Structure formats: C-alpha cells, structure tokens
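Pasting a structure here, questions to come.
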Amino acid sequence: MPSNRHIERYVAPIDETPVAGVDAVDTSQKASSVWGDAWKDMRKRWMTWVCFALIVLVLLAVAFPQLYTRTDPDYKSLMDSLEGPTEGHPLGFNKQGQDVFARLIWGARASVIVGLLATVLTSLIGGIVGAIAGYYGGWLDAVVSRIGDIFFAIPSVLGAIVVMTVLPFRNVFSIAITLAIFGWPQVARIMRGAVLTAKNADYVTASIALGVSRGKILLRHVIPNALAPVIVITTVSLGAYIVAEATLSFLGIGLGDSAISWGMDISAAQSTLRVKPELLLWPSAALAVTVLSFLLLGDVVRDALDPKARSRR
Amino acid sequence: MLWYIGRRLLQLIPVFFGATLLIYLMVFAMPGDPIAALFGDRQPSPEIIAQLRAQYNLDKPVIVQYLIWIGGLFRGDFGTTYSGQPVSAVMAQAFPITARLAVLALLFEGVAGIAIGLVAGLRKGKIFDNTALVVSLLLISVPTFVTGFVLQYLFGIKWGIISTTVSGAAPWGELIVPAIVLASVSFANILRLTRASVAENMGADFVRTATAKGLKRGRVIRVHILRNSLIPVVTYLGTDLGALMVGAIVTEGIFNIHGVGGTVYQAVIKGEGPTVVAFVAVMVIIFMLANLLVDLLYAVLDPRIRYAK
Amino acid sequence: MKESTNVNIDPNAQEIPLLQVRDLQITFKTVNGEVNAVRGVSFDLYQGENLAIVGESGSGKSTTATAILDLLAENGRVSGGSALFNGKDLTKLSRKEMEHIRGREIGYVPQDPMSNLNPVWNVGFQVKETIEANTELRGKDAKARVIEVLKEAGLSDAGSRLRQYPNQFSGGMRQRVLIGIGMSARPKLLVADEPTSALDVTVQRRILDHLGTLTREHGTSVMFITHDLGLAAERAEKLVVMYKGQVVEYGDSKEILADPKHPYTKRLVAAAPSLASRRIQSAVESKATAGTVGDAVAVARDQAAVPTEAPLISVDNVTKIYDISQGGFKKTQFKAADNVSFKIAKGKTMAIVGESGSGKSTIAKLFLKLEDISSGTMTFDGRDVGSWPKRELLEFRRRVQPVFQDPYGTLDPMRSIGASIAEPLVTHGIGDTASNRKTVAELLEQVSLPASTANRYPNELSGGQRQRIAIARALALKPEVLVLDEAVSALDVLVQAQVLQLLADLQAELDLTYLFITHDLGVVRMVADDVTVMRQGRVVEAASTDEVFENPKEQYTIDLLEAIPGGKFEFGTSA
C-alpha cells in the first residue's frame, strides 16, 4: 500500500535554482511591433531579396523599357523573319521580323499594369465592402453578402471572356475593370471574416467601454488587425491577374492588335512551334518569372505575418 | 442535414437569377448596339442581324428580354450558335468529350495532388517537400496555355509520342496529355493546400491524443491527419472548377478537342458572340450546381457544418 | 544535480517503482538556438500511487509528461536521462515499441477537452478505435466495451450518444470521454495533463472523484500535471514542484504544503488562493486611519455589513433576456440574468461568483452599458445607468472602466503599449501629446512597470504584464469604478497574487470601487468585502465575504465551497 511507503523529501539546493523576480519585463530585447517583427523575419530570408530584385527588374521594364533596349518592338523587317540572334538583337526575330528581346521588355508593361490595376481595384472594392459588411453586420451584411454571392457564382476569367468578347473597346483599363468586377467578392469574403474575428476581440470591447466611437474603432483597431490576410491574397492575386491578362490576350480578346503583350506573343508563337520553339519559350519565361516572384513574395509575407508558421519553420 | 440541403438550395435561387441577369446585362445592356458588339469587326448580313434581333427580343425592355431568355433556359432552349444550330444540340455532342477530359483532370489533380501533398506535409522541410514546393510553384506561375504548348511540342513534335491534336471522337487515351495540361495548375494548388493542411493538423491536439491512444502511425495519418486535411481541399475544388472551365477553353483550343471548351475557343477566336454568351451561361449554371454539390460534400466531411445552426 | 539523483531513490522500498524517472533532460530547437526546457528531473512512482507535478506555465511540467509518452513536438527531444517504465527505458524505445505501450500500459488524458477530440469523427468511433488498437475486442464486443468505458467515466447515457460528434457535447462531457479513452485499456499508469482546468469547479470535483474511484478500482497509478496546488495535495500523495525546468521540491504532498522548504515553494504556497486565505492588505497606509492596517480593515468590514451611506452602485431586479434562434424561424428566449439585485458601497469590492452560464459576465456587460437591460434598474452615483443620456455617455465611460479576462485579447496587438494606455486620454480629449506621455509613464509606474514599456508591443509581454497594462489603461481616466471580469483568472498563481496585491493597493490609494467577476472562490476570499453567488442567472446567496465563507446558507454555496480543490488544507501552517 502506498501509505506504508516512506517518501524521501527532496529540496533543491537553493543556489542552483535561484528564484527570479515575479514577472519582470524582459528589457534585453529591443522593442518591436507586429509589422516590425514580420519585416525582421522577412529580412532574414534570401527568398525575400530574390523576389524584390526580380520585381524591381520587372517594374523598371514597365516604367523605362528604354533602359533595356533601344530597338522599336513594333518595327517589322520581313527580311529578318525567324532569324536567329544577331548583333544588337540577342534573342533574334519573330515571324513578322520583330525583335524578340524588345518585345519581351515592352510586353511587361501591359501585363504588370493590368495585374496591378485589377489587384488595386479588387482590394479596394472587396476590402471596403467586406470591412463594412463584417463590422456593421445585420441587414447590411446580409444584402452585401448575397450580392457578393452573385458575382462569386461567375468564375472571374470566364466572366471576363464573355465581357471582353462583346466589349468594343479593349485596353488595360477595360480588362482590369472587368477582372475586378468578378474578382472583388473573393477579397470581400476574406476581409469580412477577418473583421468579424477582430471586432469580437476584447480590445475592441475595451475601446467601446472607453467611449471610442464606432467609426474610429473600425479604422484604428479593426482594420489594422484584419489587414494581414488581405495583404497575402493581394500579392498572390497580382500573379493570378497577370496570368488572366495573358490568357485573354492569348484568346485574342485581350489588348488590341497594336499592343504588345506576352500573351499575344505566346499565342503567335503557336504557328511557328515546329520551326522555332524558342519564340514560345521567351515570353513564357518572362511571364512565369514575373508571376513567380509575386507568388513567392506572397508566401514570404504570409509566413512573416503568421507567427505560428514562423515558429514551425 | 436535410435542413442544410434545403437551406443551400434556397440560397441558390437568388444567386442563380442574379448571376444569369448579370451576364445578360453585361452583354445586352452595354451602351451601343449589342448586335454590333457581339460580332466586333466582322459584321454579319442584314438578314442575320434581323433574325438575331427577333431572337433576343431587342425591341422589348431589357428586363423582359432577360425573362424571355431565362424562360428559354428552363425549357432547355439555350439559343442558337452563329451557324444556326441549337446550342443544346452542340452541347449534347460536345459535353461527353469535356466530361471525359474533366474526369481525367480531376482524377490526376485529386489523386496526385493529395498524395504528394500528404507526403510533403509529413516530411516538411525535407528534400521531397522542398522539391514538391518548387515544382508546384513553377506550375502555378506558368499559365495553362504555355504548359499546353510545351507538352504539345515535347510529346507531339519533338518525341512524336502523341499526335498534336486530338481526333474527333476524343478517346480516353488521347485525352491523357490534355488532361495533365488542364490539371497542372490545380494539381499544384491542391498539393500546396494539402501540404499546409497536413502540416497544421500534425500539430493539432487531437492528433497527439490519437497517438497517445496507442494507434499505429499509419492509422493516425489516414484516419486523423489525412481525413481532416481533405476538408479544405474539397472546399478548394468548388472554386477551382471555375479555373478548370477557363482551362478547358484554352486546353481544348490548343489540342483541337471538339468539346465544350473547344467550341467556346473557336467562337471566341472567330468573334462569334452569341455562341460564347450561350455557352458561358451554361457553364456558369454548371459551376453553380457543382458548387452546391461541393458544399454538400463539405457538410458530409465536416459534421460541424451539418450540426451548426 | 548529480547528487540529487541518489537522494530520490527510496532506500526503504522493496518493490521496483512502476515509473522511475532519472535526471531527465529535454531540449527544444528554436530560432534562437537550443533551449533546455527540462533539466534533470527525477522521481519515482509506484504501482497504485498518485503523483502530481506542480508548476507555473513554462515550468516544464507538461513537457515532462509528454516526453514520457514520447509525444514531444517535432523540435523537441530527450537529451539526457532516462524514464524506466516496468524496466524499459521509454526514452530509448522504437516507434513500434512505443505504440505498444501507449494506450495499453500508459493512458493519457489531455488538457483541453475542446481540441483533443477529432471534430470529424463521432465519439463512439474515437473510443472504439482506442479499444481495437489496444485489446483483442472487435465488433460487437468492442462496442459493448465502448459503452462500458464511457459509463465508467461518468457518461450514463453513453449508449444513445455514441453516434454524436464532439461539438454536440459540453466541455465536461468531452473531458469524460477523454478520461474514458485514457482508461479504456486499463493502463497501469495514467498521465493526466491538467485534466479539469478548463471546467467549472463543481464539474471538476465530480470528474476527479470519478477518476479517483476508477483508478483505485483498477489499481492505476496517476500522474497529474497541474498548476493547482490544492488539487495536487488533494488528489496525490506525492508532489513534484517544478520551476523553470527543474525540480525544486519533491516528497509527500501534505508535508510539502504544510512546510515548504524551498523559497520558490514557499512563495507558491503563500500565493495560492484557498478557503484559508485572508483578504490581501494594502501595503499603502490607508488615509482614513492612523491605527494598524488590520484595524482599518476590521472597521471597513463592519461598515460593509451595515452600509450607512447611500451605495455607489445599486442593481435592482435586473433581468436580461436574449433571443436565441433555434434554426429556421423559431426563437427561444434565454434569461441570462434573472431578477438580480445587489448594492456596492464606495471604496468596496463586490465579488460576483458563479460557474459558466451563471450570468455573472452578463451583469458586467450590462453595468458597462455594453448591452441593454431588459428590465429592472441599475444606478450609479444615484443616476439610472439605463437611461443615462447619450451625450453624457463619455462621462459615464470616464467614471466606470473595465478590465477583461483574456490577457492576450485585451490589448490591440498592432498598437504600442503607450498608444493603448493613451487611447482613453485621446478619446476624452485630455492633455496633449507631451502631457499624455508623462501620464502614461506615471500609470506604468503605478502598475510597477518600467516607463520604457510604453514603446513595446503586447507580443513582447507576459500575460500578467498585459493584464497590468490593461489596469493602467483603465486607470488613465481616474475612474471611480473598475469592473474586473475574470481579470486574474488566466494568470499563474504568483502573478495572480501580484496583480491582486496591486488591485488592493490601488483601491486603498485611489478609493476605487470594484465589481469583481470571478469563478474562483479562493480569489474572492483574498479581495472581496461582499459576495454575490449566482447560478443560472439568479442570485443564490449574497452576504459579506466572511459570512459566506464561514456560514454559507444555501446548498449551492456549500457545494461550491466544498468543490474548491484542497479547500480543507491549511497551507504553510507549520512554517
């Protein structure tokens, strides 16, 4: 029986287990905010810098294509049709005798602008609608959510295919707006969920009890705390919209014929696939690298903003 | 569960009318002449224009036009294609081919995506995981039409294993490569989703408890980790169907498959607006119904949804 | 620690211990390098004996338990020592061998009943798979055993609930299921990691009683992991006190509690709230009296019993009804608070005690004007709270401030501590940036935190520190009333004692009135002048604290008092 057994008492030597003061603030570490921590985490990863470098290279091509090439991407010299690389034309010529490298550089503009524009529009519309629906709730939420469901029922690129087929004017704006019309509910749903979580937090209740007005609570506490998932989806969808633009251009319902776009060049390369497959390779690679760098950035940001993922890594 | 199905069906009704109205408005309520817009720069003969005006009731108010159109949908009248064939007839011919393609693609992305994602998630941070991650990222960043061309070039032209186009009957065998093309992006997404979900569930309390109960590792993985990780994957499948539909348009276009996607592809390339609108409307309806199915499947997989009020 | 290894071996014992842990070391790999979470833990556990490992969060007590079952997180490993179980060293077994021991020879009852059952499988399935993994029973026999096991664990209607899912069970019911699972294969040892800390005291008592009977019947040894000294003393003969990964004291549990030897154990025992606790005295000299503090409190007590002046807060027949949608269009009404009345005099502490669902937090929300009263009146300083004019709401907010339970949710993680504390000042248009910075520094000092804390963010602070900051924020507007809704419940014992002391000091200094909502009667004894006991929305008993503790009138109050773990022990008496 346990009661018969004598239990030896043990007390740790006091000098070996000094008792610290109760709950003292650790001042050995520098103060850091959530964003600061996230940035500190991102800074340490080489992937972050690869993404940044690639994105800067692409953005430079968008803003100042002349930095990379002096050749006119539209200039056709049928004599050079399908010619290989020559002096000043590192990637040779396409079927119409246009400089492949120049078209590669100038093609960045359409893709990235459509991607950026569509992303900004969806984030703004979706973010605002989602935040208001989640925060104010009630009938407003019900109405907005049902409207969102309707747009959500139409896959965004499919919707864009219909609209772009019948739309008489095709430019970066009409493509971006069309993609955004069908794309905003996704952001709205994410924002709404994040706002619902944030608005039930104790710090929000505490602010109400302090007398802070509803609007100020939304702006000061709820939105900053709900932003992280929206930022992640934003970086990822930027890549998706660039692909969408290329797909529309590939189908011939993207930008007008006079524009330069990776999607159209890929489409055009189809006819010379047997004789010159590298014409397909270059614009595809440019597109893939651009999309990849935004995707990777999204991954890095998500890991940095999610402390759970950080500790698991 | 019955209550849940009923509620989902009720919710579908306004979405159905809303989404179809939206498509209709975006096409027919645009400023300018919708008929002119439908054909772009290749204007048809005056007779066809007149016939289309009658068909789409363009003299009546937009909402009446829409109601007539939607009434037609319910009777199985989806309109006519540019060449005058009823959409429903073309659909009946094209659908089985696309269905075969979709089954192959879903099989590939589901089985391979989940299996590789599971192994990667279980071995997070190891070589297998890192390789799977890199490959999946590459697949996601390369658009479907590029993957299509690359495989067409490699298998069809360079190695001559397959023919570059699929024959009219589109037998299963010829659809394998196109199905891989169609599934590539979704496969990568499912892989990543499964991996993340498996990694998260591995740290879940109930998994630790399952191990503590004395279950064998294999059973813990199958019954507790994998089973729970399937829930987000199923939800993803719902939204993924939209991407698959666009992918089908592109893939069937590249491999010249005479399915639903191929028909839309040809119509888009040739600027045949009415065909595009009619087919996309049908696709959106299929998308909605498929999502309903996914929702129900979700409820089957996750009892918390079933019993939540 | 080398010597200690020998000290722990029981020379009188003839038999071999069931579990013999020697110099156990556990290391975790983190971003900042290796961390030694457990450093040299040793103890013996004999068949049929109960042992409790007690410690605060971060002491390594749970880590020790999970290491014994080889369930450490991926980044953790046993880096030294041994754990002999029936002669086999658990730290050296292969995965297969370990699978054979888990469930069958060592059962496990985890901490959080909400997250430890798989939500997608029904309860019957989860018990049955345990039985099939550890016994020869299959099919019908296994099912019969499932029902038997669950009935033993206290689920009398087990037979009809097998097909239900975990989310259809209450927390207490789930914990019973988990106990059933842990005991299903009649293990020799049961590791119970805080098995009841998420539950109400009366439920906790029933479950622990049940567990005790069950393990006695089967001769099972139990290893409790707990933060609750009282529970440890009541349920285990042997005690291991852990602090920062090391054993500071080990031996007979009653002996240790009565006569703690290590300074840490002494502190822990002194801080533990129990029935025998006394009201915390403020270190600050009360302005009112020149005599001893004890006298002042005695005088204050007498006044509380017979309030002479008009009460600052008066709650009269307050009822709160919620509409609950029942799926579809059906609605039922739920009375969260039913005809509740009480009064609080200025400068006093009223504790509202109750278990979950008692309506105690509803009262707090109603008084804070976060929700509307359905019927009845609440007055503050002679004015009706319910009809308080909207434009004067800011004034009410200034005078009545809350502190909430969850230290991790109470501060906005995106804002600095300084910004959080200054928010009330900014909202009420008090002071400019410079003067606010000074005020924030003063407030931080008031809650014993360095002024530099203002530049930090909540994620860098401990739970107790966050809770002190929440108090500083609440004090910023120089309020008259603090509503403390389970404000210390989530804190470790020592930190809790520190915060309670702080609250007592502030009350004496600033003449604050507290509405103190809690489930913990031990804490009530330490802070409250008067107590209102609530159950299912109704007031069960209301009287002065001494009255309620020494002479409870209602059976429910008596049950509550009896359910306090280790309630009968006098802690640290022979010291």
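Order of writing sets the chain letters: A, B and C. Residues in each chain are counted from 1.
Just so we're on the same page, a residue touches a chain if its C-beta (ideal position, glycine included) is under 8 Å from a C-beta of that chain, and two chains touch if they have at least 3 such contacts.
Note that the structure is a prediction, hence the values are computed from the model and not measured.
J.: Farthest chain from subunit C, going by the mean of C-alpha atoms per chain?
T.: The most distant chain relative to subunit C turns out to be B.
J.: Closest chain to the overall C-alpha centroid, by per-chain C-alpha centroid: which is it?
T.: Looking at where each chain's C-alpha mean falls, the closest to the middle is A.
J.: When the centre of a chain is set as the mean of its C-alpha atoms, what distance in Å lies between subunit B and subunit C?
T.: 50
J.: So how far apart, in whole Å, are subunit A and subunit B when each is placed at the average of its C-alpha atoms?
T.: Chain centres of subunit A and subunit B, defined by C-alpha means, are spaced 22 Å apart.
J.: If you average the Cα atoms of subunit A and of subunit C to get two centres, how far apart are those centres in Å?
T.: 43
J.: Hey, what residues on subunit B touch two or more of the other chains?
T.: Residues 203.
J.: Contact residues on subunit B for subunit A in the complex?
T.: 11, 14-16, 18-19, 22-23, 26-27, 30, 32, 34, 36-38, 40, 124-125, 137-138, 140-146, 149-150, 152-153, 157, 199, 203, 239, 241-243, 245-246, 249-250, 253-254, 264-265, 268-269, 271, 273, 276-277, 280, 283-284, 287-288, 291
J.: Can you check the complex and tell me which residues of subunit A touch subunit B?
T.: Touching subunit B from subunit A are residues 146-147, 149-151, 153-159, 161-163, 165-168, 239, 243, 246-247, 250-253, 263, 266-267, 269-270, 273-274, 277, 280, 284, 287-289, 291-292, 295-296, 312-313.
J.: Would you pull the subunit C residues touching subunit A in the complex into a rising list?
T.: Listed in rising order, the residues are 1, 4, 7-13, 30-31, 46, 48-50, 237-238, 243-244, 246-252, 255-256, 261-264, 267, 368, 370, 393-394, 397-398, 400-402, 404-406, 409-416, 420, 423-424, 427-428, 449-450, 452-453, 455-457, 459-462, 464-465, 470, 473, 477, 494-495, 498.
J.: Looking at the complex, which residues from subunit B come into contact with subunit C?
T.: Counting only subunit B, the residues touching subunit C are 3, 202-217, 219, 223-224, 227-228, 231, 301-304, 307-309.
J.: Give the list of subunit C residues in touch with subunit B in this complex.
T.: Going through subunit C, the ones touching subunit B are 66, 69, 71, 73-74, 95, 99-104, 108, 110-112, 115-122, 129-130, 133-134, 165, 167-168, 178, 181, 185, 325-328.
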